[in-house]
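Below, subunit A partners subunit B and then partners subunit C, in two separate complexes.
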Partner chain A sequence: MSATLQPEAPVRYAAHQHAAYRTGPRLLRVAEVRALTTEVRHVVLVDPDGGHLAPYEPGAHVVLTTDPGGPGEKRNAYSLTDDGFNPRRYAISVLRREQGSAWVHGLAAGDLVEVEGPRSAFAPRHDQRHALLVAGGIGVTPVLSHARAIVRWGGSAEVLYSYRPGHAAHLDDLRALAEREDVTLHEATTVAATAALLADRLADQPLGTHAYACGPVPLLETYVDAARAAGWPEHRVHLERFTAPELDPGVPFTATLASTGERLAVPPGTSLLEALLATGRAVPNLCRQGVCGECEVPVRRGAVEHRDLVLSDAAKECGDRMLACVSRAARADDDIEVDL
Partner chain B sequence: MTLAPAAPTAATDAPAFPVRGHTARLPWPFPDDLDAFRYSVNVEPARLVRRTAAGEWGATIVDLGGEEYGAIMAERRRILDADPHRVRIMPGMLPACWDLLLYYLRDLAASYPAIMRLDEDPRDPDRFRWRNAALGTDQTFVLGDATSLPWDPMTFLGREVPDDLLLVKERDGELCFDAGLVTFAAAWSVSFDVGMTMAEIHNPVPRLTREGITSRAEQFLRRLPVDQVYRRVNWTLSASGSRLLDVSLEELPAWAGDIPALVAAEDWGRLQLRIEVEHFIRLPMTGAVTFNIRTHMTSLEEIRQVPAWRDQLARVVLELPEDLAAYKGFLDYREPAMAWLTRR
Partner chain C sequence: MTTVEIAATGIAATGIAATEVPLGLPHWPAVPEPVDPTAATVLVLALGGHPRTAEVAGAWVREAEGRVPTRLVVADDLATGHDDVVAALDAVRIGVRIMVVGPQHDVLLTLARCRAHGASGAELRAFVVDAEGPTDLPVYCAHCRATHRLHGEPGGTAVCTGCARLLEIHPHHSAARGSFLASDTGTEPDDQVAA
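After this line comes the complex of A and B, so read on.
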């Protein structure tokens, strides 16, 4: 390829020519706000000009800027509840928990909200022959998205929904889906019943099933343990966490940048991500808790202590990548060479 | 290959030689200053216009091929009709094929508004009408409804565009080639390769896996963002001494004797430089990534007309280490062929 290069005259080309593929930060209009329970509100967003929205994979989320310009400005991720097929609306269901979600609860029809995404972090396996979908509390949102996509494309699913009576968002939607022959819904309203149901259903799935769970940490731990006890291979057991466990500040280490040879000191309590950002490098990141997978960086050399919840055991063992927000050198004062 | 954008083109230097349409559109695969080729993850943003010694290319994701479009598509459709095994879609990949179809039809309508049009039904956003005046296509369909098209969505698209269509998707942490429509393969077979991981497919290429290029290329595809489109150019000398695009393993008996006959006759002007432009797009509804390949051919006779190309190709081909020259298939005849090319 030949080129007359004139870097001083940059020409910007939009990557996608059609508006339906925009995923960058943009303003969407609130079309509808509806209370699903006393603590959960369903918010429907549309393009202000009535145009297309980008399709998305089941289980994807959007990132909302809450309280923009205000003291509580924050970027919060919320799972989309529809199937993602050629959408004209984005629907999220938000549990009131902290300042950001309280701000979302204050939205009314007509308000404009800055939205980025959708981003996919909890996608189904395309070749699954059957799905076991496990939802705990507000974790029902991505599970509903999966269930709706399975119904659209003619698959089959078993849904397990654990909730507190009177606080079950989207229970009506799941019950409506379960009127179909290819969708079964199991409900549990106590911890003990949930554990028993998990053990029972994980022990009785057809070959080729993939399992997915979203919910609070104790439910996910029970799910992972029950799957292991029932002999499930790790790569068929998928989960999405809301919150990550607390991490200790970690050991001091250095990071060498392969492109420049520059060495960065990473003291305890500082993450590799923070050290990289401090040098002005634009490393994509979002949750900074080892949950979302945004800040994965390629590793050339050095033993890594993986502290994230994203990489599979095999990927961790391979050692060719790490999540810069939480993972560190395996030993104090080691050097890790990253391919940046 | 540089990532800097090309300068906006201005009609300045008129070439000092007559250039036909085919040559003027050709995506010459080497940067001006390249004298030695090695495999690399040589990706750059799509739709950057590149000027070459004979013209320019690259403004669109799909290159219809100008006046050659009708002939290429006739050949594509003939092969698809004769050999249904050129399309392979693994279980669960149909949604990705719809994702691919809609993306490409929207992109084509934007790139070629004079001949291509995609209308959306205002009452039913899933209902579309596709018109392609160049091929006479007028098809209404419902997105996701297999009964609304005469073929599966990948085949429908493959009968409208010259590109070979390949979709990769992650399974158990590996990128797998899980759907493809390929009529113009360079000595490989879509029905043999479909379902393999990228590592399995590229194992035969010397140096690629050992030097970590496969894993870096995989990492690139795995991390391909939804808001960017990239492309890459690959090249070889074709296994056929003609414009024949279909040098697939399926057709091996038809072309295997071509190069030995050409070498015996020392008919070097018929040798073809085969250039493949690959486009990488993450399709948003399914997360599948395209590895679509548009193949271009130009003969040594044509290359000889463009002095900068003639000299550069000879340098690159002669410099190539033996293992790479053997893989690309021209180790045995590269010296006489390049001597012919550069003879004054």
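After this line comes the complex of A and C, so read on.
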């Protein structure tokens, strides 16, 4: 099961000219596949020529093209689990959930996979004095990357891991890290215990701490609420979502393209992204659920109902951009002029 | 409440449009700001012996203590109060809002100390009792490379107590150091006095 590189795949990030700094779509070889739990597989990718790979910030992800050329072809983002320093391998841990992840579970050593990135969307803050790292389920992957980087560079961290017994990927790795003095691991296996632990630990972090969480939506909501209750300023509370809540079909509206004046009708249930792609415009996109930020388009005019989980409140208020996959006009039959 | 982060100083002020903020200089609120209603705890640092300091610190404590755990640290001067301030900063937890009041010299250096402990602009509030005109300021001399307590104002001059040069105090403040940058005017202090 090997991929062939799609020749038309756009290189979005023109990087350093040395091959070891390539982040555009290229083929990497599967070096190892290992089951971490019954539902999670750890996949290690290496350069087919044995070279170095582009380094990355902790919390970064790569995008794999799953089932290339097949009916289930899709681009899925997976967090890298190492610290990102001078890597010779990219390691991801994949929960079997849908067609794309099932395809990854079918990979075997020697297969070639199209990989883009790494891309940093959940990086540590540079003024971080200490970190509170919160992981729920498979959200442990970027958290492990943060914890490993903190250990490498000599920082300190508290890790809070919420999991179902018997389904805790990388628990052994976190426990090994927690044998160090500067890393503490707290474990919770029920919703109530997780909420209590979050409230307790968020109330007891030294000045200069930043908190990072990755996990399912209910865990992230509990985390954000607990941080607010504990008086945390928003800029210290970071999270990465891998799922988004279901959205209603939305109101019908029109979109005017600034370059041509063309007007596109966007009926309920159709996204602006789909309408743009239907006209042949190559709008970059990935998750299509308002989580990854890939399909951000500039807006010239019109009130937008922002339904994404990416833009900050300030960016939403500014009104000069929107995520075409989920956001729509604020009112039915309004017109939004996009700068495309 | 809109909070604007002031460039260079990082002191948070409320209700000020970003375009009105003088870059590179601390902006002092005309009246003491209220206690942040989202705070989980409050630390009030009252610096120096000015009567207005005690008044403002007292008002902050009264406003905060009915709502959240509140601690007041009084330091008559930075040298003797240093250990108390550091101990208080070591003890606070995220969720705290640190409110500093006193003369500019002490407040600026204490805000820098808070930042060195990891506090950010959103966690700091400050009020100075000597906002107008020349006053004692922390001034970093570019020549003897030390911070001195000098009397003056940004744009004005002062004689360096370290190297005796006549310095121009530049309208350039470092939030990390707490001091204003100053450099040699090229004239002798005596020349200026004679002029």
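One rule holds for everything that comes next: the second predicted complex is superposed on the first by the 323 of 340 C-alpha atoms of A that agree within 3 Å, B and C clash if a C-alpha of one lies under 4 Å from a C-alpha of the other, contacts with A are read in each partner's own complex, and residues count from 1 in each chain.
The criterion applied here is as follows: contacts are C-beta pairs under 8 Å (C-beta built on N, C-alpha and C of every residue); 3 or more make two chains touch, one makes a residue touch a chain.
Note that the coordinates shown come from a computational prediction; the quantities given were computed from them, not determined experimentally.
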First (subunit B), second (subunit C), both or neither touched by A:34: neither
Which superposed partner A:23 touches (first subunit B, second subunit C, both, neither): first
First (subunit B), second (subunit C), both or neither touched by A:235: both
Contacts of A:203 with subunit B and subunit C, given as first, second, both or neither: second
Partner chain(s) touched by A:164 [first = subunit B, second = subunit C, both, neither]: neither
Of subunit B and subunit C, the chain that contacts the larger number of subunit A residues: B
Subunit B versus subunit C as contact partner of A:315, first or second or both or neither: first
Which of subunit B and subunit C A:263 touches, first, second, both or neither: neither
Doubly contacted subunit A residues - partners subunit C and subunit B: 127, 129, 235
Complex contacts: residues of subunit A adjacent to subunit C: 127, 129-130, 202-209, 228-236
Residues of subunit B touching subunit A in the complex: 1-2, 4-8, 27-32, 45-48, 50-53, 90-96, 99, 102-103, 106-107, 110-111, 125-126, 143-144, 169, 171-173, 178, 215-216, 219, 223, 226-229, 233, 284-288, 308
Complex contacts: residues of subunit A adjacent to subunit B: 1-7, 9-13, 15-18, 20-24, 54-57, 84-86, 88, 118-120, 123, 125-129, 152-153, 235, 296, 298, 312, 314-315, 320-321
Residue numbers on subunit C that touch subunit A, as the complex places them: 38-41, 68, 89-90, 92-97, 114, 117-120, 122-123
